[in-house]
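Structures are listed in the sections that come next.
In the two complexes that follow, chain A is the common piece, with chain B as its partner first and chain C second.
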Partner chain A sequence: QLDHGCALHTAARGGLSSVSPQEVPAERPRAVFHTSESDPAKHTEQHEGRLYDIPLEEVKAVFPHGLPYRFQQQIKTFNEARVMVRRPALELLAYLKGSNLAHPAVRYVIYGERGTGKTMTLCHVVHYCSRQGWLVLHIPDAHLWVKNCKELLQSSYNKDRLDQPLQASVWLKNFKTSNEHFLREIKTQKKYTWGKRESTEEGRPLGEVVEQGLARVRSASDAVGVVLREIKQQSHRGSFRLLVAVDGVNALWGRTTLRKEDKSPVSPEELTLVHNLRKMVRNDWSGGAIVTTLSQTGSLFQPSSAYTPHKLLGREGFDALDPFVPIPVANYSPREFESCYGYYLERKWLQHEKAHTEDGKAELQFLSGSNPRQLDRLAGPL
Partner chain B sequence: MAAPSAAGLGWRLRAWLPRIMPVRWNRYNPSYLEPEVKKESYQKPLEELTEEEREQRELKAVRPIKAAPPTLSSSVFSDPMISKFTNMMMKSGNKVLARSLMSQTLEAIKRKQLEKYHKAPENEKETIECNPYVIFHQALKNCQPIIGLTNITKGGKTYQVPVPLTDNRKRFLAMKWLITECRENKHRRTMMPEKLSQELLLAFNNEGPVIKKKHVLHKMAEANRAYAHFRWW
Partner chain C sequence: TLRLICTTTAVQRKNVGASGPEKYTEAFIKKQIEEFNLGKRHLANMMGEDPETFTQEDIDRAIAYLFPSGLFDKQARPMMKHPTEVFPAQRKIQWGEDGRPFHFLFYTGKQSYYSLMHETYEKFLNVQKHQDQLIAQDLPLQKEKRNLAGSRWLTKIELEEMLLEKLSDDDYSRFIQLLQKLVALPCADIEENYIQKFSKEVPVQLQKVVIEPLQYDEQGVAFSTGEGKRKSARATAVVYDNGTGKITVNGTDILHYFPVLQDREQLLFPFQFLGRIGKHDMVCTVSGGGRSAQAGAIRLASAKALRSFVTEKEVEFMRQAGLLTVDPRVKERKKPGQEGPRRKFTWKKR
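Presenting the complex of A and B:
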């Protein structure tokens, strides 16, 4: 019957043998499940199961949107953002490091059961790419674009399509916060006319298109389309590397809950935002990568037991995304569970006196089934 | 032909039904024993048990055991006071909703206290209590009245007479006041966990409307001291 302290020591003994001396900082003996390496580029299998820290300013700059809500609450309570390094993320980072940017973009689809950490894996990859200086096109949840839309305008560009001004303007605002310097460097290659008096000349920085979209909310969806088009056309030149990160990509090929004014249902390709995003996710451009996540949680008209790409994407989506590299994400391994449990104890998140005992830990492991989301929800009231 | 035989069948069947039908309570034969849920009691070796406990063990081998109610749990995290409070919060049997509200309340209390803890300077950190269960129990204890009032009719007039309260009644009154306060005096858009966590934290510090209600009751009892002899039990 191992004592809690003993368990840490055995883990330390097992961990230290594979860890080089400079990993464990000598001044402050932080526990084994932390790592001081906050650059995702240097994460290797040694760091598997450990939590690395993202400085809060970086969190605000890199993730204006995209982090799960409970994780944002956790950042606010603990005053730090700690992300666990897990095997699927390490696999993806290895692929990205070894990818040839002259070839067409490779598509990666992260899939797994509910609450296993797909969005966090995506956020890890986004952090790596923004540290490496890539242009990150992060769509936090594609499901938000196909449901609960209060305003649907008929698009001025194409009579058959529908615009979503609110969603587009929110996304443009967040895109501006995360990629300020790129918007100054990339120049438009065509003249765009927004209305009778407004137009953007050729050769103006892309930031102006974004400002236009934010100022005139009616043309925000068209501004998004222009931004996506320009970035895609210029990515092959090699001046910047592009990462398209879409969370909940199965929303693009499913059904919507939106209706037109004559109460007929709207299919996804009739929405400008979805149409442009579908063009982005095709692999007819080079100079970057496309990393996507499947999500059943926000999806429409999908049974809750569906988690495989075949079930969630449907035939149309699978054919559109085919060929892709599937990356499965599973529940916590025993080591990762120990690490998460130890972190909660250290941050005083588990306050119940029985939670510190072996019985409490065994009960938490059993009740959550080592599922990250269930563990988080169970540890909340404890 | 059908009518007389149906009547005869009903009369014969009715004879062996118990005289009172249990509704919302259960009626066991007195030989049935209570179920034992705690793991520790089964892990004790035979030598450590006292005489009575050994007798109980032997009885368990022969006597039948009552069915365990769904609220009885062998989890190390279960707390009878919290279960009682959740049951009182429950409306139309929706235990799932009541339990989730309770867990969200405890989480809200924990978050507020942890934020305060991390922002406080080093010397004040020990004074801040972060355990939501400790806060809950202390808040309930602070809300319990010591003495209550009851109506006694004497000579045609009804008097409010101060009377001692049992432990159960005190606990019930504290929980009832908290829940009614949170249900009635909150803004339409505030969620129950948020309001409850606020009230619990105030009661923990001996402030807030529930503590005030308790003090009002105490003052009334003190004012009606003259009628205390009307009580005959």
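Presenting the complex of A and C:
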């Protein structure tokens, strides 16, 4: 698919330069679907349904690990990152702009059916916050922490819990790339001992803790815990604002597929990473916001028809997250569908002759049911 | 391998009538008829009906009641019919006690066929003579033309049954040609009775499928229903006008009910064919079968429902596209001695 995409890209460039009379009518529809507004702060309702561009360097800096896999492939193919401005995201941004940072952090839960754009909404919000200068704590998919873990170490800090060095180190690396300058500014408030010889003094920048975690992989999970605790304690001071963005938050309260050495199942509390994350998601701190997404796709032991917070979070999770502001995400509205279709056409992603006709558009709408994921998958082979 | 046996055609053909002494003598057949009538009266008495007005249908019903049978073949079940239907009709002995045949054409071999040809030709000459008479009197010849469209000639088998002797294809075609020549003459109406013996009515064209008119519900929106089936899935669809292209199956959206693209394409097909993708709403219920069968059943039901919204020409196009035909393919039965309907057991040499 990638080679096909690259060939498309060069052909498109060549086509555009050679045939000039066709460029003029192509320019006008382009204006309808795209906005030149790259700052999410300025997105309002008139931008709804339009796609805005994120410069590629920003993508690498802000989203080292957040974007869905198919979207990353699309970025590589089209050589640009275009995100659609949709109503749930606008709603969330409005709440964030109007939120009072002295109050305890408000929790927002983005929920919806499969493939309607929850992760993309989250990424939109993360982009906005990073532009605004917030410290972004982005966990790409909490489900990755509760399944498919090869190594489980017993935590040195607390005998009951289990560590996950690999996942923790991966996350620390990505966290470093996204929030470089914060790590230099924030200082530790306590002394932490990592073992017999290593320790971090009080007042050292957080970057050192992160380095420690990356260097000594065994204590990476503890490093994560330290980072989270420090950030939480210091956020209410007001020197920076904190956004906790968790994708797939229902993993924190479900079951895991991991087993201990004696084949007994592991419950999420026994994992250090999950334990610390739960503490973050509790709204006992102020100076920021918590935005989470429910995800059925990666969830374990949940039926595929479940998408409401009640079903996916379970009793425990619901009680823990309650109260929260639910934000439903639905399939594309006709206008959004048209702009997505127009974008694919304009990037010459839809090569089939019939796809260019009105009938083809109606067919695509019918077959995908206006579901973004289905549309993306359908348009792939065309 | 074929072994060439040199025989004459006469010996090869087993003549129904002329094969030696009769299998059933006339006396035998008469006795059978008497026994049948007696048995009919007994049966009527047994069933409590009136013996005088006991028809063949009543006999069949009584026999089916008294001797119930689960056999599939209707002809294998017990039956009581008039001996003329049971014993095949055959010719009586064609020659007298002195060995002299009755009919003058006996030694041709096909006496009834040739006598029939002679008769028909006689009628033909008759008609021609009548025609010449009319021409001599300067009277108009044309009368109404016989309607050939609704009738057909007897088939070879029917003619054989009528004449009680075997014919060859060549003989049959010659006879039909002669009849056609006869009918082609303008004054053939005289011999209408004779000709009608050899022609049969073709049943009227298959009933045209009635397209139901549109019904209107409370808000004034037009809708129509259709039913469809495929394998063992049965579906009913209600198609509403002035819609947005939303489709609900058994209360759920098609994206959730049919996660596979292929099934959704099947549903799309009737609408796409008519170019009415975003114009109708549909609510359907389906049960039985599997994923693909349910999709096919809904497709048929929606196509049938769409007939009411569409012109006759488009209905014809749909029929030719195969949207309105029930798919007859069902799972084939497994045969004994084989692993499946077609697959045989693994062949082992020893």
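We take it that the second predicted complex is superposed on the first by the 352 of 382 C-alpha atoms of A that agree within 3 Å, B and C clash if a C-alpha of one lies under 4 Å from a C-alpha of the other, contacts with A are read in each partner's own complex, and residues count from 1 in each chain.
Keep in mind that, in the parts below, contacts are C-beta pairs under 8 Å (C-beta built on N, C-alpha and C of every residue); 3 or more make two chains touch, one makes a residue touch a chain.
Computed from a prediction, not measured in an experiment: that's the story for all the values here.
Participant: Determine, under the contact definition given at the top, whether A:Lys150 touches first (chain B), second (chain C), both, or neither.
Facilitator: neither
Participant: After superposition on the shared chain, which partner residues are touched by A:Asn371: those of chain B (first), chain C (second), both, or neither?
Facilitator: The second partner, chain C, only.
Participant: In the overlay, work out which of chain B or chain C sits against more residues of chain A.
Facilitator: B
Participant: Regarding the shared-chain residue A:Ser305, is it in contact with chain B (first), chain C (second), both, or neither?
Facilitator: A:Ser305 sits against chain C, while chain B stays out of touch.
Participant: Is A:Ala355 touching the first partner chain B, the second partner chain C, both, or neither of them?
Facilitator: In the superposition, A:Ala355 contacts chain B only.
Participant: Of the partners chain B and chain C, which touch A:Glu363 in the superposed model: first, second, both, neither?
Facilitator: both
Participant: Check chain A for residues that touch chain B in one structure and chain C in the other, and list them.
Facilitator: Touching chain B in the first complex and chain C in the second, residues 359, 363 of chain A appear in both lists.
Participant: Quick check on the complex: what are the chain A residues that touch chain B?
Facilitator: 73, 76-79, 348-349, 351-355, 357, 359-360, 363, 380-382
Participant: For the complex, give me every residue of chain C touching chain A.
Facilitator: Those residues of chain C that touch chain A are 245, 253-256, 261, 264-265, 268, 271-272, 275, 277-278.
Participant: Can you list the chain A residues touching chain C in their complex?
Facilitator: Against chain C, the touching part of chain A is residues 305, 359, 362-363, 365-367, 369, 371, 374, 378.
Participant: Residues of chain B touching chain A in their complex?
Facilitator: 39, 75-77, 102-104, 106-107, 110-111, 114-115, 117-118, 130-133
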